[in-house]
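Two complexes come next, and they have one chain in common, subunit A, joined by subunit B in the first and subunit C in the second.
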Partner chain A sequence: MLDITVIWKTLGRLATRVPYTITIAFVSILISTALAILLSMIKIKKVKIASALVELYLSFFRSTPGLIHILLVYYGLPLVLKPFGIILDASGKDLYSIAALSLSYAANLSEILRPAYLSIDKGQHEAALCAGLSGFQKEYRIILPQVIPIALPAMGNAFIELIKDTSILFVIGLTDIMGSAKNIITNGLGINKVEIYIAAGLIYLVITTVGNWGNHFLEIKCQKVKKHQ
Partner chain B sequence: MKIFVEDLLSIITVVPRTMGLALLVMSGSFLAGLVIAAAKMSHNKVFNMLSRFYIWYVRGIPLIVHLFVLYYLFPKNAPVSVVLIVTYVLYSAPGQAENIRTAIQSVPKGQYEAAYCSGLSSFQTFRRIIFPQALTVLLPISLTVYLGNIKGISVAFMIGVVDIMSQAKLCSALNFGYVEAYLAAAVVYWVLCVGLTRLFTYCEAILYRKKGIAVS
Partner chain C sequence: MLEIKNVHKAFGDNQVLKGVSLKVEKGDVVAILGPSGSGKTTFLRSINFLEKADKGEIIFDDIQADLAHATKKTISLIRKKTGFVFQNYNLFNNKTALENVTEGLIIARKIPKKEAIEIGKRALDKVGLSDRYDYYPSQLSGGQQQRVGIARAIAANPDVILFDEPTSALDPELIGEVLQVMKELAKEGTTMVVVTHEMGFAQNVANHVVFMEGGIVVEEGTPKEIFSHPKEERTKQFLRRVVGYEDYSI
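Right after this comes the complex of A and B.
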């Protein structure tokens, strides 16, 4: 039988790791959004060699599982950076996690951002240019305000997925929610495994439920903005 | 380089197994998805609420947590691949239900009306009119789902199921070439996904040429 008191106690201990997990997810989504904007721009503007590289990048990261990205970054990044004189040790696990998640989600997000950008009517671009706006002004003042309400709900969903994906980071030893659940199990010599995992599951359930509410709210707001335009 | 090739050859041997597992998972989740889609689309309030609760619960928790919980809840002598298949089917069923719903709803309403008017029963309508049309929407989505399953199974190495990922892990443990092993696995996944996508596009073209079926 399940031991409810163990679940309750573990919930309290795991809850202390929530801010850490959310921070990692948040930093990752920020970096990956920046990367995704870069990738989408290169692909939309059809920059010659760069766009072929972007195509390769997207194809690679979209057809390999997230676990591979994490392990490749964890074992591969120090080797890649060594010739440049940067020596990484195995202690900065949060950095590896953020790097892996960012690279992996940049590919996903660019598949959200690019269609959103392309869905803006061509006339908007032309009108902005005819009105005498420069290229940057056009993107910043006319196109971007229209892209954001289209892309934001999907980005919110991706963020929730990313928080769920942080649960595999324990393979490199990150002590996020899942990682500390594993630690608790190891310290307790493997008793009450099911209860501890259920507690971890409940924590994730709370996070994703709150996230979904937030996203729903965001979606309604975006709908209103779109109507307004 | 030598280690990389060795790992690659060793990983390729488990590709059919991985594809088979993913296929089993997909068929299972298709059936489970049908049930959930039916519950979601039915006018019965209880079924509706049950399906919503199920989706909320399953989608709110990462796959790994489900996997570990079920792994320890299953009887000790149950084969690990069964645990994996059951978990993954239950986990991906809501997504499949959503796909099925989209596919069925993409068939215009006039098709139902015309079928009823021609005297077909509601089962005949579904079987002969709606299903074939929904299939043309469902087929390309299924490819994405299948590729997703192949990738998703990679978490299974944590409970000891043999697939591409766990084979790479095994190789890396044998020869300490971590980067080589995971790179080899990445290449295998990459080739598999790109290859299957190409194959699908090819079949689609043939289907279109021979039967005039446009898979959207």
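Right after this comes the complex of A and C.
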């Protein structure tokens, strides 16, 4: 039989790790979005050598599991940075986590952003230039306001995926929700495993439900804006 | 006022323009005719740098520039002296009719918003859309969208307006309203260069007709010269084909 009180107590303990987990997810969302914009721009503008590198980057990150990204960043990043005189130790687990999630999700997000951008017909770009707008004014005033409502709902879904994916960061010892559930199990010498995982699951359920709910509203808002496009 | 000299343009090994020149005086209405694929659109687009010519020169009032190597500043100057009306209207879908017209005024030309709105409304009134200021392109018919396109092009009072087949994407019953607006503009002395398949417009509204084929200007002259006394065999053939003209050689 399940011990409901264990679930209840674990819920309380895991809830204290929610802010930490959300912070890591949030910072990763910001960095991955910025990176995705950069990657998309390089590909859209067909920047010579850079776009070939971006292509390589995208195909690697999009066709390998997130777990690999995390392990590669955790064990690989210090090796990569060492020749530059930057010595990383294993303690900044949150930084490795953010780096891995950002790199991984930048690839996903750029594959949402780029098609959304390219869905705006060439004619509107030309009309904007003919109206005398500069390249930047064209993007900022005409193109991006149409791209954003197209891309945002899909990006929202990706952000929710990212939050769920924080649950594999325990492999490098991050004490997020999942990591701390693991710790509780270890400290309890392995009893009540099911109750503890149920509690962790419930926490993720609440977070993603709130996220989906927010995304749904976003979608309605975007739909309203998009109605004219 | 505007002179374009010896424009060459190739797409890959497809030589589309092989030395096209055109002279436009203030108040001229120039109609460019020619079969599909003859390079009319490409020529028109190279005038305001939507297409970068491989070779050619533009003299526009006091600006003189190489079409193949113009600076950003020159391009911007020439674009501000030019209006462009597209075959597919190309309205900004996220903006209302009025915003479509005022966008370039406010953002590119730095006209104060209030004044720009006045100008924009006047331009829309002129094309018969005084009751459509706040409509989005998706809420307008093709003919109305194209009239917004024209209002957008004329609002800043450019020296010349380039039209690329402004009626060929329209349903037949909507062509008239757009041609009517263009006729009015011509009457007011607006300088226009119009690529068109509307022979009636070329014959009755234009004062200069250019016939292009195979990337060159085959023949040009007054509407009368071109439609009634074409000299070149290719012009005659074209006219016979598009208008079924039999009596041009009178």
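Note that the second predicted complex is superposed on the first by the 227 of 229 C-alpha atoms of A that agree within 3 Å, B and C clash if a C-alpha of one lies under 4 Å from a C-alpha of the other, contacts with A are read in each partner's own complex, and residues count from 1 in each chain.
Quick note on the criterion: a contact is a pair of C-beta atoms (placed from the backbone, for glycine too) under 8 Å apart; a residue touches a chain by one contact, two chains touch by 3 or more.
No experiment lies behind these values; they were computed from the predicted model shown.
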item	value
Partner chain(s) touched by A:L72 [first = subunit B, second = subunit C, both, neither]	first
Which of subunit B and subunit C A:W213 touches, first, second, both or neither	neither
First (subunit B), second (subunit C), both or neither touched by A:G123	second
Subunit B versus subunit C as contact partner of A:K164, first or second or both or neither	first
First, second, both or neither for A:L205, with subunit B first and subunit C second	first
More subunit A residues in contact [subunit B versus subunit C]	B
First (subunit B), second (subunit C), both or neither touched by A:S134	second
Touching partner for A:W8 - first (subunit B), second (subunit C), both, neither	neither
Overlapping contact positions on subunit A, where the subunit C interface meets the subunit B interface	none
Residues of subunit C touching subunit A in the complex	48, 50, 76, 79-80, 82-84, 86, 88-95, 103-104, 107-109, 136-139, 152-153, 156
Subunit B residues within the subunit A interface of the complex	56-57, 59-62, 64-66, 68-69, 72-73, 147, 151-152, 154-155, 158, 165, 178-179, 182-183, 185-186, 189-190, 192-194
For the subunit A and subunit C complex, residues of the former touching the latter	121, 123-124, 126-134, 137, 141-142, 145-146, 225, 227-229
Touch list for subunit A against partner subunit B, complex	59-60, 62-68, 71-72, 75-76, 79, 164-165, 167-168, 171, 178, 193-194, 197-198, 200-201, 204-205, 208-209, 212
